[in-house]
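Next come two complexes built around chain A: one with chain B, the other with chain C.
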Partner chain A sequence: MSGYSITRISRYHYAVGPALLLVLAALIALPGFADKATLRLATEMAGYMALAIMWNLLAGYAGVMSIGQQAFVGAGGYAIFMLAGSAGLPLIPSVVAAGVIAAALAIPVGYILFRLNGAYFAIGSWVIAEIFLLITAQSDRLGAGSGLSFPTAVAKTFGKSDERAALFWWIALAVAVVAIATAYLWLRSSRGLALTAMRDDESAAAGLGVDVVRNKFAVFLLAAAIAGMVGAVLFLGKLRISPTSAYDINEWTASIIFIVVIGGIGRLEGAIIGTLVFFGLRSYLADFGSYYLMALGVIAIVMMLKMPKGLWGFVYDRTGIEIFPMRRNIVRSGEGRP
Partner chain B sequence: MTELINSLAQGVLIGGLYALFAAGLSLVFGIMRVVNLAHGDLIVTGSFMTFATVSMLGLPLWLAVLIVLPMMGLLGYVLQRGLLNHTIGTDVLPPLLVTFGISIILQNGLLQIFTADNRKLDFGAIEVMSLQMGPVAMGWYAILVFAVAVATIYGLQFLSYRTRLGRVLRATTDDPEVARVMGVRTDHVFGIAMAIALVICGIAAILFAAWTSFTPLSGPSRLLIAFEVVVIGGIGSIWGTLAGGITLGVAQALGGYLDPAWQTLAGHIVFVIILALRPAGILGGRR
Partner chain C sequence: MLELRDISFRYGALTVTDSVSLTVEKGDALGVIGPNGAGKSTLLDLMMGTKVPAEGSILLDGEDISRLAAQKRAELGIARAFQVPRPFHGMTVFENVLVGATLGGRRPERGTYDHCFAVLEQTGLIDHAQDQASSLRLLDRKRLEMARALATRPRLLLLDEVAGGLTEMECQSLIGTIRQVAASGVAIVWIEHIVHALLAVVNRLCVIDQGAQIANGAPREVIELPKVKEIYLGTPE
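Entry: the complex of A and B
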């Protein structure tokens, strides 16, 4: 039979799937051979990775430049302290509820912010995060300016200190996997096609019938939900939350932007590479304080100017390798996969 | 009641300063379509330059002004030509990310040089003298700040509509491509625009340095004020920045009068309300 067909899979992808499953299995088994400190670091990395995946989806695909994601991270953090902490509700449903609450908050926020476009959206989202911070700092139920501690009695029901670390790690891993899987499936669906079209040319996409604002809004809600769950699990690990730590723009947005820019904006794999690079740099250089942050700023600027597609974009342009296949290849049928 | 009127008057007067914060941001956005996320940190850098020349070198204030303003202008020109011009294109992401990077570098650089201590300039007796008008007392310094702000904005207006440079700036604002075809060196014009924006920032920085204390991390709050003023007043309107500044100043004063903790929040909330009801801003909408 002659003719052509379109596929996204290349031959090596038959090995990528099992390899990913192997990695996942190893990560699930991590508490069996890693100590508490390593688990905590891994938990943090999983949280950052999930945030980076979402920020990449927002900025790299949907063209939504938010620098206010800390609003939803913080809201999720406070939600878990109220639900699982004060109200004593079961842990896992509370984490999910934290995501739902963050997404629910994102509805009115998005309604206001999507009146601003491009760069103005960015600062507008920051103002919203500031409003979240100031209102939280005024609320006595949320511990006002000094914040909340997670009730020790409740924390003990999650097990001993190392059992807790393992539990939180599994939750964080689950959130990261959900983030990657949703982003991947989203991008491969017809919605993803719309997003890619918007990324390439927003007006052209609108002209072809893509509802641009609706698509942006949908990604914004998804990103808020994931951010809420990440906030929930990371602040659980700290057992302490305060307005300034919950809504910290440097921690929850600047670092994430750095990760995405280094790894490669507009590529799912970029967020993973970027997270590894970021934590690598942090473990060696964080002792240098201000100089370390200045170095991150310089690296981000240089990358943006000299290697705008990031590390993974650099690799992809030279090898064409994709861990999460997106590109469509034309193959002649009857000849098998390329 | 007197207290309320006093704080409202104070709100109007600080509105002038807020307008100065915003004028530079608005100018840069108008011409280059770039929102400079380092705007607030550049203002704080100006305040620290003034602090260094006055408090550390012991030079008189007038000399500090003559040093700081040209330096800010030069910084703006170099920053634009050396770095920001390379980021301008159809994509909004590169300029945002690069200015975000500059913001982090400036904050941490200032922390390294000046530590995190609170600083404030002392302009002497004028800071405590006040003008009594019936029950209302207005500080002379606040009046001076407002007057300088109005004069600066008038100057910017004059520059835009009465000079050759202004004509070139407006032409570039309307359409950079066509301006380039007409022989405008847009790269240079962008540099000049950023220089003007930073000189205005410098004026605001000097005035603000004596108004309240500042630290290397004060930049973001200045940026948010500037941004809110631009949106409230209407994007691209020069006198709109003054209207926006006064609106924000009065909103904060009113909030602060009800409960000191509500001062900043009241400003943000007024911004959100105006954004929801009148997205084009108070003086906008005639487009």
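Entry: the complex of A and C
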């Protein structure tokens, strides 16, 4: 034996784990003490957080600069209106199916997009999302340009208005937890080692045996599935969907990029911190009307200049703290944990 | 083991590699010298698969690998250390090496830890194993390039000017490491401007000028050839 071994966690993680479980328990219990408006806000936050986690995996790790994720959010939204709404299928399987449909759509989309590099990929992803919008707006079954309303009769089967809010919150929470857990387990595994290497230097990674395109495609499919489920639950909450709201680049991609940049690109924790900051800013700045977007823009630019690794990157560089332990710590035989 | 047959590569009208043929056998350490812009690094790109030849073929153990992607060649046992070190700066030194060991070596992560530590010992990086790769000084970055490549358990190691920019003492320590690697049975192709470093290791020397191979043979004989002296060391006035 070499006299060295590896440990993945530090002492403080014995406190972090239970703390995360406590937070999760409080979030599950949220409908017990929060009103309907708070639940709706929390539902939206969970959806955004799931999207931000995935965009961070895409752009922050895999180097996939997609600005077309709204394609999959919109597809998932329409899928739930067709499956749970028109067809009257059970709710939860329909949400999962919306994710599966979005991922299935991502296969041909990715097949086309992964022939493009860098800026061309970004533009291509946007163009494809616009094509999704145009096709939807042409389809009479999908309500064409004016969109669809969720059938009231079906909505009533989910319970009264505040029971529905609680139900949709639990679904959104589940989607966010799945997104975080999948991202965490992925990044911790040797696939994550490949992704992190790609984040730092793609061609050096390829030279060491990393199958770059395959890893990118896998992350792209996962991100599409999560986006589909987020679209499903968020449009359920609105009970209305239209092509412009479903495939809105500002809502589903620009805000998400803001969240990831503020929080810290290329760190799992960044997307979570970023979501909290974004919603904090939004509720605070909402009173200033259209100045709100300008203020967000200024904040994003200042952050990119002064703190390019985002809030969490700043903290990590100074403290080395990880909420989700990924680093491999080396222990010499006979020594304790660092 | 590796055979290049009439390999050519062009950027548009510019011929960078001009029908080069050479072979590397198991246990060989082949040095490649030539003036700047002679096409030496391109030769390594072609071997590694980051560039695809316009003409000719590359064979590994008799199989044509000319169009195989870099990561497939890494799996087949070819590894490369870059001229300018390209560490994964957001990872620790150990994790950098682990990338090569698990993904290039196609082994489950836990099974490679001991191999990684052995490579880190061999390349003199064990005391930096836990450091962020971005914090390393130049010599250690160069060592890390080699460590990562070695971690893939290569049969053929491509070294691209790994001695450049080092002090004489640092250079000697690097030569020691490369000799060890060669002695362990790994075939080496080494591009280098620092000829004395090269001569301390290689058993064959190949000279490239304007994309073409102008000499290939025993190092001491090749370096004494008039045409090599003329091209590589300049024409005596």
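Note that in this section the second predicted complex is superposed on the first by the 334 of 338 C-alpha atoms of A that agree within 3 Å, B and C clash if a C-alpha of one lies under 4 Å from a C-alpha of the other, contacts with A are read in each partner's own complex, and residues count from 1 in each chain.
By our rule, a residue touches a chain if its C-beta (ideal position, glycine included) is under 8 Å from a C-beta of that chain, and two chains touch if they have at least 3 such contacts.
Everything quoted here is computed from the prediction, not taken from an experiment.
In the superposed arrangement, which partner chain does A:Ala206 touch: chain B (first), chain C (second), both, or neither?
In the superposition, A:Ala206 touches chain C alone.
In the overlaid three-chain picture, which partner chain does A:Tyr4 touch, first (chain B) or second (chain C), both, or neither?
second
Who does A:Ser139 touch here: chain B (first), chain C (second), both, or neither?
Touch partners of A:Ser139: none, neither chain B nor chain C.
Regarding the shared-chain residue A:Ser283, is it in contact with chain B (first), chain C (second), both, or neither?
Neither partner.
Check the residue A:Ala194 against both partner chains and state whether it touches chain B (first), chain C (second), both, or neither.
Touch status of A:Ala194: second partner only.
Is A:Arg328 touching anything from chain B or chain C once the two structures are fitted on A? First, second, both or neither.
second
Which residues would you name on chain A as touching chain B in one complex and chain C in the other?
none
In their complex, what parts of chain C are in touch with chain A?
48, 50, 69-71, 74-75, 79-80, 82, 86-92, 94-96, 98-100, 102-106, 108-109, 113-114, 117-118, 121, 129-130, 148-149, 151-152
Within their complex, state which residues of chain A touch chain C.
1-6, 189-190, 193-194, 196-197, 199-201, 203-212, 266, 327-330
Which residues of chain A touch chain B in the complex?
The contact residues of chain A facing chain B are 59, 63, 65, 67, 111-112, 115-116, 118-120, 122-124, 126-128, 130-131, 134-135, 137-138, 249-250, 254, 257, 261, 265, 290-291, 293-294, 296-298, 300-301, 304-305, 308.
Which part of chain B faces chain A closely enough to touch in the complex?
29, 33-35, 37, 83, 86-87, 92-98, 100-105, 107-109, 111-112, 220, 223-224, 227-228, 231, 235, 261-262, 264-265, 268-269, 271-272, 275-276, 279
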